[in-house]
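Chain IDs A, B and C follow the sequence of writing; residue 1 opens each chain.
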Amino acid sequence: MMTLVWSALTIGAVYALVATGYNVVFTASGVFNFAHAQFMMLGVYLSYAGIVILKWPIFFVFVLAGGVVFLAAILEERIAIRFVRVAEAQLVTTVGFATLINGAVQRIWGPSPLAVPFFGSSQVQTLFGGRVLPDELVIIVITFVIVFALMLMSRRTMIGLAMLAIAENREAALLRGINVRRLALGAFAFSGLLAGLLGPILGPQTFAGAGLASAIALYGFVALAIGGFGSLPGGLIGGFVVGFAQEFAARYLNSNYPDVVVFVILLLVLLLKPNGLFGKIRERVV
Amino acid sequence: MSVLNRLKSVPSFTFPVVAAILLLLLPQLGLSDANQRQLLLIGFLTLLVSGLNLSLGYAGELALGQPAIYATGAYVAAYMGAHGSTDILLQILAAIGAALVVGLLTGIPGLRLGSWSLAMTSFFLVLLIPDITNILINVTGGPSGAVGIAPPTLFGALLTNYGFYLVCMLSVIIWLAFMRNLVTSRHGIALRVMRQSPVLASSLGISVFRTKLVAYALGAVPAGVAGALFANLDSYVSPGSFSFALAISILAASILGGATSVYGAVLGAVIMQLGPSVSTSFQQDALIFYGILLIAGGVLLSDGLTGLITRAWKRYVVRPDHVTRSTTHSPQDFHFEPMAGATLSVKGVSKSFGGNVALRDVSLTAERGQVTALIGPNGSGKTTLLNMICGFYPIDAGTIDLDGVRLDNRRPHEIAGRGLARTFQTPVIPTGITVSQAVLAGRYSPERVSIASAALRLPKFWKVRAHDEERVAQTLAIVGLSELADEEAVSLPLGTRRLLEIARALVSNPSVILLDEAASGLDEGEVARLAVLIGRVRDAGGTVILVEHNFRLVLSLADTIHVLAQGEIIASGAPADIEVNPRVLKEYLGVKDVGAAAAAIEAETTGHAS
Amino acid sequence: MTGPVEVPVAPLLEVRNLAAGYGDIRAVWDVSLTVHPGKLTAILGRNGAGKTSTLRVIAGLTKIGGGSISFREEDISGLQTHRRVVKGMALVQDGKRVFHRLTVEENLFLGGYTLGIRRRKMPAHLTRIYDMFPALGERRRVVVGQLSGGQQQMVAIGQALMAEPSLLMLDEPSGGLAPAIVDEVMSILVNLKKAGMGVLLVEQQVEAAIEVADHVVVLEIGRVILDSPAREIVDLDVLKEAYFGKARVTNESSDNDGPR
């Protein structure tokens, strides 16, 4: 039973990380970056390349994954976001960039899933009566650390405040001397860097596979919808809700049901609480 | 050039009709089986893309679930075909029903949030295909696919190869005709209005949510039809045919052909279907290619190849020789039909945003056959009150009613449907439509036509269209814009656009007309014309509410003036009283030496102050 | 069309023949004005006259369509908004556009964004603002959305002052405020002026504005119809004409005579 909880927490943490990536970019630039899950997938593939093919020391694998995805994120902002003003066109261009990464990854590494070995110990631990792998624990802990650090940053640092300011009123932020465009680019770059650095950590759990991005994109989105757009704690909780729903559905129904259950949750959340648990309800302005 | 000019005079549907007939005859002209199959696949893809166009291009909502709807149609037909219902028309009807159900099931929740939520909800459907086929393994055959589908029949007779081809192609042609009729009808204009300005749409009585939902759910129909046909192509269906990659290539075809077009879907489908067969390296790099295409398409070509062609056509062939005339003749002495005005009462309305009180206990009444003016300095709450009357903000306390029927806390489009028409501070005129189309948009709520009658061109459609045209022409004449009926509405000068907005409000035969700063930015002559027009609406019995800064206009036109300051009504009364009310002068004009200023206005002589 | 230069001191802000917008949506046709250090220039005119648009162009929020803007004798018409803020201009927009979801203190911190992220010397700046607006000092941790309109206006002005601008522009700071608070706002402007700041004020409250102004510019349909030192306006006729009267639409708008 506890083993199930550990794996639900692990998988939930992965989704929470996707939701967090969406949130960081969304807060600073108002863009829903469809391609964020592809960034994470790219990070995992690069980790595979670094660890298995190039056999680099783990530190350099982190640098490789973080650096390349960082650059990819900047590239996306430059070609697919900056000059596209209309939201629906941005949807199309971000889907396009996601497709581009999918295509490139399959072209380079082929369509079959690849295992990424964990750089640390792979000794199964027993914790609170459940069995858990060290890499799973790392994922859970890292997720909490990242989300709490970002929450602190958003209220305690000037950059964090500036991002909240942009999210609320772009023009007013400009008038306080905030370089809105640079911060938007910065948010993209940061989300990319984070996604890349997570590659070697997530890889052992998720594997490097062609379908990885679409799946975590969707589950991450459900996490976001549950928690509410723009809410960091909401994304964290939403991720765990999805993780638990999936693991328990797989265990107690059968392996065909996890997605169906998550889908039903998504529909219910959108119907009953479209702003999510922590979403801010805004008065409509004409 | 002369050939091209002659081509222009041919009705717009001629080319598609000729192309359709040719297409139907092709197999008789010795088309090979392989090519025939290619054509069928292009046809199916066209249906899928066209459905997406309706939702993405016309309603502005990205849907990525077409493969799932396609699969739904296919499995429904497969199940029927394997269980004795081989009639292809029955299968198509059942597939349409199933597609609509899936469309509504995902559309209702998916459209609740911003534009991402429909994209993701519908995308999720594609992820579910393998699971659902596994769960329903008895029906679908699971991963190995549905087999044992009997060959299709039509009215009891087995379909020949050519017969099947005809059914498929006719389905495509009928759908495209349906789509064309829909987007050229008033519903097409409603979609255009909604996409560009949801606020305007709801002010015209168009429900934004419902319109988007209908567009998205209708977009599922062709996908369902395509699925039913696809199941009968090889009498075999497997989940592998409905992948994420298909979703992406449908999107790419839509962008490539132009999402906001009817026939662009054909172009996009041809390229996407034939492209991979041209070279093998294309297949290998398909995703990379699609990705680049989507980025480029999103950045550069908001209306795809079709848009490029149309623009080139307009630029090089049509070449307009007229210069946009800003001249408008003055309002004609047309007989102004009596208007059924209504009494609007606002009672004790309050509203606050956070800790900020925007309106405090505001009451006023606007009577039929009268002009009721609302004035006040910036930030006094005029706009807030206006938005509450129109239903854009919920009210905290009080009531608003129209002839005794409560309006408060109803949705804007419902309020518009009850006969409340408005204009905007900054005229909201959608791009890409003519003056008469812009006015036509105002006819949406007074006389309704169902989508079915519009798309199928039923008698009701023609009747209302005739009525629409008559009313639009009449109204344009009243405001003096008849000569500009075919000009592009958005390129008119400001004053003319304001008149156009008034025409759009009048054409719905409203019981109450709300004018928000209608005179601002107008020159003297235009203000005079506006005043005449407002006077005539009043004389015809309409209820006019004027929110205005132009003090002189208000003084000369209004029967009653209400003055707002800091969210409260500080004075109400006839113009003569308001003009000399000391509080009004103080609050509204910031004049401190009230006595002198009042004297100054009254005598129009020098007032001395500090 | 330029106003008479009356002070030999180099102007802080000099706007010449400004135009903005396109076609007939053009809100600003031809506006020239100057602001000197320690002086207040008021822009008056009725709604839709182009006052707000003029401020937007000067701040860089709306693209300039013609003419020039120089700030401290440097042409800034090509700079992005945030660069202009760094150079020392601040705009307080109308409608109390502060960050409603953040607290008073967070709003003020953001006001000091240009001082540098690492410079945690902000407490001194904060104290200065709280001294100026004691009501804010008592509500540091209150979310701005919950404050009254007058307090929000103070946050907006305080936020702009955090960056220590040399030019403060305000768009209808009296909008929706009670007369007593308007007086308070105006007296703050007088104090800022005395401290050497240049102020560009857009107002609808004519007399309140003229009382604190050194120079007055009246706009009508995007053009200057009156440009005069404030003290010379003893006759409010022209202003009345602009407010109550019909629009003066003589194309070569000259500002010589009053109405009739």
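In this text, a contact is a pair of C-beta atoms (placed from the backbone, for glycine too) under 8 Å apart; a residue touches a chain by one contact, two chains touch by 3 or more.
Owing to the predicted nature of the structure, the values given are computational and were not obtained by experimental measurement.
K.L.:
Please tell me whether B-C or A-C has the greater number of C-beta pairs in contact.
P.N.:
Higher contact count goes to B-C.
K.L.:
Among all chains, whose Cα centre is located farthest from the one for chain C?
P.N.:
A
K.L.:
Centroid from C-alpha atoms only, then distance chain A to chain B, rounded to Å. What do you get?
P.N.:
35
K.L.:
Averaging over Cα atoms per chain, report the distance between chain B and chain C in Å.
P.N.:
Taking the average C-alpha coordinate of chain B and of chain C, the gap between them is 40 Å.
K.L.:
With chain centres defined as C-alpha means, what is the inter-centre distance between chain A and chain C in Å?
P.N.:
Using C-alpha averages as centres, the distance is 44 Å.
K.L.:
Note the residues in chain B that touch 2 or more other chains, in rising order.
P.N.:
Each of 353 in chain B touches at least two other chains.
K.L.:
Among the residues of chain C, which ones contact at least 2 other chains?
P.N.:
100, in rising order.
K.L.:
If you look only at chain C, which of its residues touch chain B in the complex?
P.N.:
Residue positions touching the partner: 23-25, 46-48, 94-96, 100, 143-149, 151-152, 172, 174-179, 182, 203-211, 221, 234-237, 240, 243-247, 249.
K.L.:
Name, in rising order, each residue of chain A that touches chain C in their complex.
P.N.:
Going by the criterion above, the answer is residues 155, 157-159, 161-162, 164-165, 168-169, 171-180, 280.
K.L.:
Residues of chain B touching chain A in their complex?
P.N.:
Counting only chain B, the residues touching chain A are 56, 60-62, 64, 105-106, 108-110, 112-117, 119-121, 123-125, 127-128, 131-132, 134-135, 199, 244, 248, 251, 255, 284-299, 302, 353, 383, 387, 390, 392-393.
K.L.:
Which part of chain A faces chain B closely enough to touch in the complex?
P.N.:
Residues of chain A touching chain B: 32, 34, 79-80, 83-84, 86-93, 95-104, 106-107, 211, 214-215, 217-218, 221-222, 225, 229, 256-257, 259-260, 263, 266-268, 270-271, 274, 283-284, 286.
K.L.:
Can you list the residues on chain C that touch chain A in the complex?
P.N.:
59-61, 80-82, 85-86, 90-91, 93, 97-102, 106, 109-111, 113-114, 117, 159-160, 163
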